[in-house]
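Structure incoming, see below.
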Amino acid sequence: MASVKRIGIITSGGDAGGLNAVIKGVAKEAYAHGIESVIIPNGYAGLYNLVDMSEVVVLNEERVGRIDASLAGSEAGHSRVKISKIADVNRYEKIKEGLKKFGIEALIISGGDDTGSVVVDLGTQGIPCIHVPKTMDLDLQPYSVGGDSAINRIAEFARDLKTTGMSHNRIMIIEVFGRYVGHTAFRGGVGAEADCILIPEIPVDFDIVYEHIKSVYCARVERSDVKAGTYTIVVAEGIKTAGGEMLYDESAGVDAFGHKKLAGAGKYVRQQVEKRMKADPYVKDFMKKVGMYVPGVYEIPEVREISPSHLVRSGQTFAYDVNFGYRAGAAAVALLLEGKSGNTVVDVSGKEIFYVPTPEAIKRREVDTSEVALFESLGTCFGRKPAKFEHVFVEVKGLIKRYC
Amino acid sequence: MASVKRIGIITSGGDAGGLNAVIKGVAKEAYAHGIESVIIPNGYAGLYNLVDMSEVVVLNEERVGRIDASLAGSEAGHSRVKISKIADVNRYEKIKEGLKKFGIEALIISGGDDTGSVVVDLGTQGIPCIHVPKTMDLDLQPYSVGGDSAINRIAEFARDLKTTGMSHNRIMIIEVFGRYVGHTAFRGGVGAEADCILIPEIPVDFDIVYEHIKSVYCARVERSDVKAGTYTIVVAEGIKTAGGEMLYDESAGVDAFGHKKLAGAGKYVRQQVEKRMKADPYVKDFMKKVGMYVPGVYEIPEVREISPSHLVRSGQTFAYDVNFGYRAGAAAVALLLEGKSGNTVVDVSGKEIFYVPTPEAIKRREVDTSEVALFESLGTCFGRKPAKFEHVFVEVKGLIKRYC
Amino acid sequence: MASVKRIGIITSGGDAGGLNAVIKGVAKEAYAHGIESVIIPNGYAGLYNLVDMSEVVVLNEERVGRIDASLAGSEAGHSRVKISKIADVNRYEKIKEGLKKFGIEALIISGGDDTGSVVVDLGTQGIPCIHVPKTMDLDLQPYSVGGDSAINRIAEFARDLKTTGMSHNRIMIIEVFGRYVGHTAFRGGVGAEADCILIPEIPVDFDIVYEHIKSVYCARVERSDVKAGTYTIVVAEGIKTAGGEMLYDESAGVDAFGHKKLAGAGKYVRQQVEKRMKADPYVKDFMKKVGMYVPGVYEIPEVREISPSHLVRSGQTFAYDVNFGYRAGAAAVALLLEGKSGNTVVDVSGKEIFYVPTPEAIKRREVDTSEVALFESLGTCFGRKPAKFEHVFVEVKGLIKRYC
Amino acid sequence: MASVKRIGIITSGGDAGGLNAVIKGVAKEAYAHGIESVIIPNGYAGLYNLVDMSEVVVLNEERVGRIDASLAGSEAGHSRVKISKIADVNRYEKIKEGLKKFGIEALIISGGDDTGSVVVDLGTQGIPCIHVPKTMDLDLQPYSVGGDSAINRIAEFARDLKTTGMSHNRIMIIEVFGRYVGHTAFRGGVGAEADCILIPEIPVDFDIVYEHIKSVYCARVERSDVKAGTYTIVVAEGIKTAGGEMLYDESAGVDAFGHKKLAGAGKYVRQQVEKRMKADPYVKDFMKKVGMYVPGVYEIPEVREISPSHLVRSGQTFAYDVNFGYRAGAAAVALLLEGKSGNTVVDVSGKEIFYVPTPEAIKRREVDTSEVALFESLGTCFGRKPAKFEHVFVEVKGLIKRYC
C-alpha cells in the first residue's frame, strides 16, 4: 500500500464524542506520509452520491486546523443511511465510480457494527478499508470512540437531577441510549451513584426494584431531619422484563385493532413503580409518617422520567476520547499502509498498535455480569436478586496495562 | 414585629436554582437579629401536616453550614400541594395549630404565583408573611430566583445539541418549561443563538417558520464545504398556533371516543416541519444538490425534538441567583421586622430594599414583544412576520441601575 | 448618518466574554440597514496599521456565521496598545488614512475606560464613534459585557477549590482580576459563599481577617465529626491595607538597592495570615485539639493562594453576556444611525435604547459599600469591622425593571 | 483475616478525584461482610494522634450516604505529614496504641508512593494493610484514582485559555503538577490539542520549541483573515533542560549570596521564549506583516503563563474515577479478607481482582516515549527533535481488555 496517494474518511452511524480527533489523527498521520486525505461527507449518503459531487474537501493543514477535536460529533458528518438499505443494485459500482472520480484509493471508516459488513464488502470490491470503532453504546468488542464521553455526560445529568429529586422527594428515572447493551447505563449510573441501574443484560424483576426503592428511599427520607430523599434509576433503552413481556404503555389503552402501545423504557419503569406504590398500603403510612400526606392531593411519592436523549452524545468530548481518537486515527493509517485492510483498530499503547479483523470487532459485547455482582454487593439494585460476587485474585506480573 | 422570636421558612411549587441562598439569607439575617428560623419541610404539604410533626429543624450556624447555596433545589423541600386544593375546610386552623405548636410567629415563603394568595390568606389569619419571588419561568412581575440559572442551562443544552445537529444536518427542537410565558425560552434561546424561538406570547405561524428554515438551513448546508448545517429551534411548552388550534398529535389518530390526542410543543413543532418538508419538492432538490439524497432511505432532512425537562432546573446554581437569593432572603427578614407582611421582595441595591404588595407581584408578566422585534431585525425567527424594531432613545442621567 | 455605507468594528483592551455577541449584533443590525461592517483586527494595533493592510474582512452572513457568540474573547482580536502610548505624532492622521483607504466611515468600539478618550478624540477628528462598554472588571458606569461571565467563573473556581480546602483543612485564597475595583471579587465571592472577600474599596485590616478566620474556621473543624473544614478568601488584585502600606513580599528580602519587592495580593494575604498563625499560641492548641498537630512537621494549618488568572475571562460566555452583547451591538448601530456619536450604549429594554455620553460612562464605578454591609450582617468578612446595614425601604410602583 | 471486626480508612498525601468513591467502596463492601469501617481523619497526622482522640467516625449507612463520590478530595482528609518525617522514635508504638484503643485491626490506605513504605512498615508491626493507589500524577505502576479527573480538567483549562490566546495572539503556557513525570501533562495536553507538551521524561531543547512556535504560530496568524492565532504549551512542573541546567529565573538577578533564584516551569518557559523572540529579527517582520507592530509598544507577541494549580485536582470527579474508586475500595476489602496484606489493588475487571505487592506498585512509572513519537508524527512538539514512531503491529486474540 506504500503507493496510496489519497484516502477518504467516512464517519457512519450516529454522532459521538472523539470522531473529530479520529479525523484529525488520520489527516495528520496521512500527511506525515505524504498522503492526501479527503472528507466524504455525510456518511454513506455521501459515499453513495460521491460520483455526483463536484469536489471534495482536502484535509490540508489549514482545513484540519479548523476542526476542534474536543467538540462532539463529526466534521465529516453522519447519516442514518446503511449501504444494505439502498435499493440500487449497482450501489457498489456507483460508489467505486465516485471513489475513482476523486482518485480515492482507500477508505478509513469510523462507525459501529453496521460499518463492519461494509468494510468487508468494500474490501471484496478491491477498496482497501480500515475500521475505527465508534459507538457511544460500546457494544463492539474493542473500546470505541465516544464511550467515555457518553458515560461522563450520563453521570453528570443523573447527578444533577438529584437536586430536583431531593427537593421533591421524587423517584427519578433517567433513560439513556445503549441499544441492546447496558455499558453506558452501567458506568454512567455508577458514576452518578444511581441506586438502581437497569440494563438489557439483566431482565428486570420490578418487584425486586420496588422492594429496593422502599427500603432505600423510605429510610433515606425518614432519617433526614428535613424529611428529604430521592432515589435514582438509570435505565438503558433496551431493557427486557424478567417475564419476557414487551414494554407496554399501561396508560395508553389499545388502538383500533386492539393492539397495545409500547412505552419507552423510562416511562415503563415509572408505570411499574407507580402501580406498585398505589397498591401498597405501606406507602400511605410512610407518607403520613414523614408529613407528606395530603388526602386526594399527595398520596404517593412522585416519580418522574427524563430522557436526556441526544444531550448525552453532544457538546464536549472528554480527554480520553480525544486521546483515543488521535491514536486510533493515526493507527488506522499505519494499518492501511501495512496492507491490513479489513481490520479494526483496537488501540495504541507505547509502540504497539493493536488490531483485530473487523468481523471479530463487530461482534456484540455485553456487560460482564460478574462485575455487576460487585456493585450489587455494594448495595446497588440491578433489577434481580443480587448475585454473589464470585471473584478470583490475580497477581499481575510485568508491566501493568492501564488505560492512561 | 420587633418581638418575633421564631420564623418559619417554606419553599413552595417547583424547584429552582437559588432557593438555598434564600434559605441561608433568611437564616443568617435572622440570627443577626437574635431570631430563630426553622424549616417547614416539603412546602405546603409540610405546613399542613406541621401539627403532627414531632420536631422541626432549627437553622443554627452548624445546620446552615451544611446547606450549599450553589446547589439547585431547596433544602426545605417542595411539594406540588396547593393550599387551595386541600379539601379540608379547617386547613387554615390546622396550619395555625401547627405554627403555634412550634412557636412559629411568622413565615417567609419563597414561591411563584400560587404562593401569592396563600401569603394574603395567612396574613388575614394573623400570620405575618413575606414572599420571596421564585419561579424559573420568570412569570412574576419581579425577577425571581432561579431564572438566570434556568436560562444558562437552556442556553448550554441548546448549544451542545448543535454538535449533533451539525453532524447529521438535523433541525433540532428543544422544548423547555415556561408555562404561559416565554422568558427563559427567549433568553436561553438567544444565549444559544437559536435560529428560531417560539414563545406563548407570539402565536406561531408554521408557514413562516418553515420558510425561515428553508432560507437559513439550506443556505448553510449548501455553502458548507463539507455540506454540514443545522437549525436550532427553542420552543416554550405553552405555545399557541396562529390559527388558535390545540397542539394535536398528528401521528396519534383518535381515541375510542374520536378525540384527538394532544402533543407536547416539541413534538408538535416537529410534525409541522416534517409535514411541510415532505410536501415540498424543493426539499428533494436540495437533498440531491448537497449529496444527501438516497431514495427510500433519506429523502428529507431529519428533525429531532429533545426535552431537557428537569435538567434545566437542577444541578448547579449560577452566581446571579446565589447573590440574588442571599439578598432577597435577608431583605425578607428586614421587611418582616418592619411589619410589612403581605409584601414581596423585589431586590436590594445598595442600601435600598425594594418591595411590592404580593398581589401586584404575582400578576403574570409576559415577554415584551418590542424587544423581540430587535432580535427579529438580527435575523431570528419568532414564528411571525418580523415586526419593525420601533425603538426610542433614552439618555440616562444620574447613577445607572445595573444588574450587578 | 443615514448615508453611512461601511462601519468598522474594534475591540480594545483585554478579552472578555460576550464580545463576539457584540460583533455579531453590530454586523447583523448593520446589514438589516444595508450597511457593511468590517473587522479592524487586533484592537488599536490594527487601527494604527490599517493603512498598510491589503484587505479587511467584511462581515457578511457567511463570515458572521463562523463566529460563536458563546465563546469568550473576540473574533476581532485585542491588543494592549493604547492610542495615547503610540509615540507617532501623526497617529490620528495615519488612522484616518487607513479608514479612508477602506471606505470606513464610522466606528463601533467595544472596550473599557481607555477606549473612552479615543472615542472622543476620533469624534473630534470627524470619525463618528459609538462605544459599547466592555470590561470584565465592571469599573465603568454601565454594565459592561463580560462581567457576568467573569463572576460566574470566579464563583465556580472558588467553589471547586473547597474540595481541596476541606480535604487538607486549608485556608484557600483565590486572587482575581479587577484593577481598582472589587465588583467581580464581590459578586463572584458571594456566588461561591466565600468566608472573606477583600476588595480595593475597603482597606484591609488583617487583624480583623485573622480573628474571623479563627472564629469561623476553627469552629468548623472542631464541630466536624471527621475534623474537616476550610475557609475561603476571594481577594481582588488591587486591595490596599488599612495602614496604607504597599503589598510588600515578606519572604523576598530586599534587592541590591535595599528596595522591598512587592507581592501579588494573594501572596500578601497568605503571608499576613501565616504570620499571625505562627505567632498565636491558640493555633497550636487548636491543632492539638483536633488531632492535626505533629511537632516540626505540621504545626499550623496550611494556607494556599491560587490565581486562576486568565481562566476567569476565557472559555465559555454565559447567557446574560450573549444576550447583552447582541442587544448592545444592535443598539450601537441604531445610535450611530441616529447621529449620536460620542455616546456609550447602556442597554436595551423593551423598545428603549439607553445611552450616556462616553465621558460619563467611563468614570470609575466602585462597589457600593452599603450593600457590602448587608453581607457583613450575614457573616461574611470584608476586612473591616462590620458596618451596620443601614437600609431604606422603597415600594416599587409601575413596571418593575429587572435584568432579564 | 475472616475474623476482622473493624478496619480503618486513611487517605494520605495530596487530594485527588475519586477518593470518596474509594472510601464508600471500602465501607459498603465492609458492611456487606459484617465489618465496621471507621475514618482515621487527616491522613498520617490523624493516625499519629489517634490515641489522643475521643472518638472515631463509624461509616454506617447513614454516614456513608452523606459522602458524595463525585466530589473531589477526601472525606477522610489529608495531610502532608509523612510517617518518616515524624521525629518521635516511638511513632509506630503510638500508632499501634491508637489503633488498639479503637479496636481497629487492619488498615486500608489510599495514597501515593510515600504510602508504600508505610504499608510495609505497618505490616511488619503486625497491622494488616492494603494499599489503594492514589496519585493525580499517575507516577505509580498501576492506574491511580484521580488521574483521569486531573487529565480532564487540565484539558478543559488549556482549551478554555485558547479564547484568550486567540484574542490577543498570545503564546499561552499552562503549568501543571506531575512531580517527576509527565502523564497528566501529556494526556491533558493532547486532550486540549496543545501545540507543545513539555514533560520531565524529555529534556527540553528550547531552540526546537522556539522554531516550532515560529513555524506553527506565525503561519496560523498569517493565514487567518482576521490575523488571529495562538499557540498552546502545556508544561509539567518537573521539566529539565536539554543542557541539564536548573530552571533559573532570568528576571530575578542574584540574592545577597550571589545565588540565582529558581523559576517555576511556566515562568522559565516564558522567559526562554521571550528571550528568543526579542533577539530574532524575523519576529519584527512578522509583526509588521500581520499589522500588529507598534514601535515601542508592541514589538513581539505576548507570552503568558498560567498555573491552574489546585484547580486541576479539585471540584468534580469524572465518571471513570468514581467507577474505579468503587471497584478499588471493594477490592481492597476482598484482598484484606483474603489475607493479602502488603499488596496494592490494581483493578477489578469482570470477576478478576488484580493486585501487586506494594513495593512493586510504588516504583516510579514514566511516560512511554515510544507513544510520544506517535504524537510527534502528528505535529506536536515535545521539545526535542521528533523521533520516528517505531511501531509494531499486534493482532489481539480472545477477549479484548478495555478500560470500560
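Residue numbering begins at 1 within each chain, and the chains themselves are lettered A, B, C and D in the order written.
Methods note: contacts are C-beta pairs under 8 Å (C-beta built on N, C-alpha and C of every residue); 3 or more make two chains touch, one makes a residue touch a chain.
As the structure is a prediction and not an experimental result, all values here were calculated from the model.
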Original post:
Hey, what chains does subunit A share as contacts with subunit B?
Top reply: none
Original post:
What whole-Å value do you get for the distance between subunit C and subunit D if each is reduced to the mean of its CA atoms?
Top reply: 31
Original post:
CA centre of subunit A versus CA centre of subunit D: separation in Å?
Top reply: 28
Subject >> Rounded Å distance, subunit B centre to subunit D centre (Cα mean) >> reply: 41
Original post:
On subunit B, where are the residues touching two or more other chains?
Top reply: 159
Original post:
Linking chains that touch, what shape results: line, ring, star, complete or other?
Top reply: ring
Subject >> All touching chain pairs, where touch follows the definition stated at the start >> reply: A-B, A-D, B-C, C-D
Original post:
Once bound in the complex, which stretches of subunit C touch subunit D?
Top reply: 11, 14-15, 19, 39, 41-42, 44-46, 48-50, 52-53, 57, 71-82, 85-88, 157, 159-164, 166-169, 172, 225-228, 253, 255-256, 288, 291-298, 302, 304, 306-311, 313-316
Original post:
Residues of subunit D touching subunit A in their complex?
Top reply: 24-25, 28-29, 32, 61-62, 65, 68-70, 138, 141-143, 147-148, 151-152, 154-155, 159, 183, 187-188, 190-193, 219-220, 223, 318-320, 322-323, 326-327, 330-331, 334-335, 338, 340, 343, 346-357, 368, 370-371, 373-375, 377-379, 389-396, 399-404
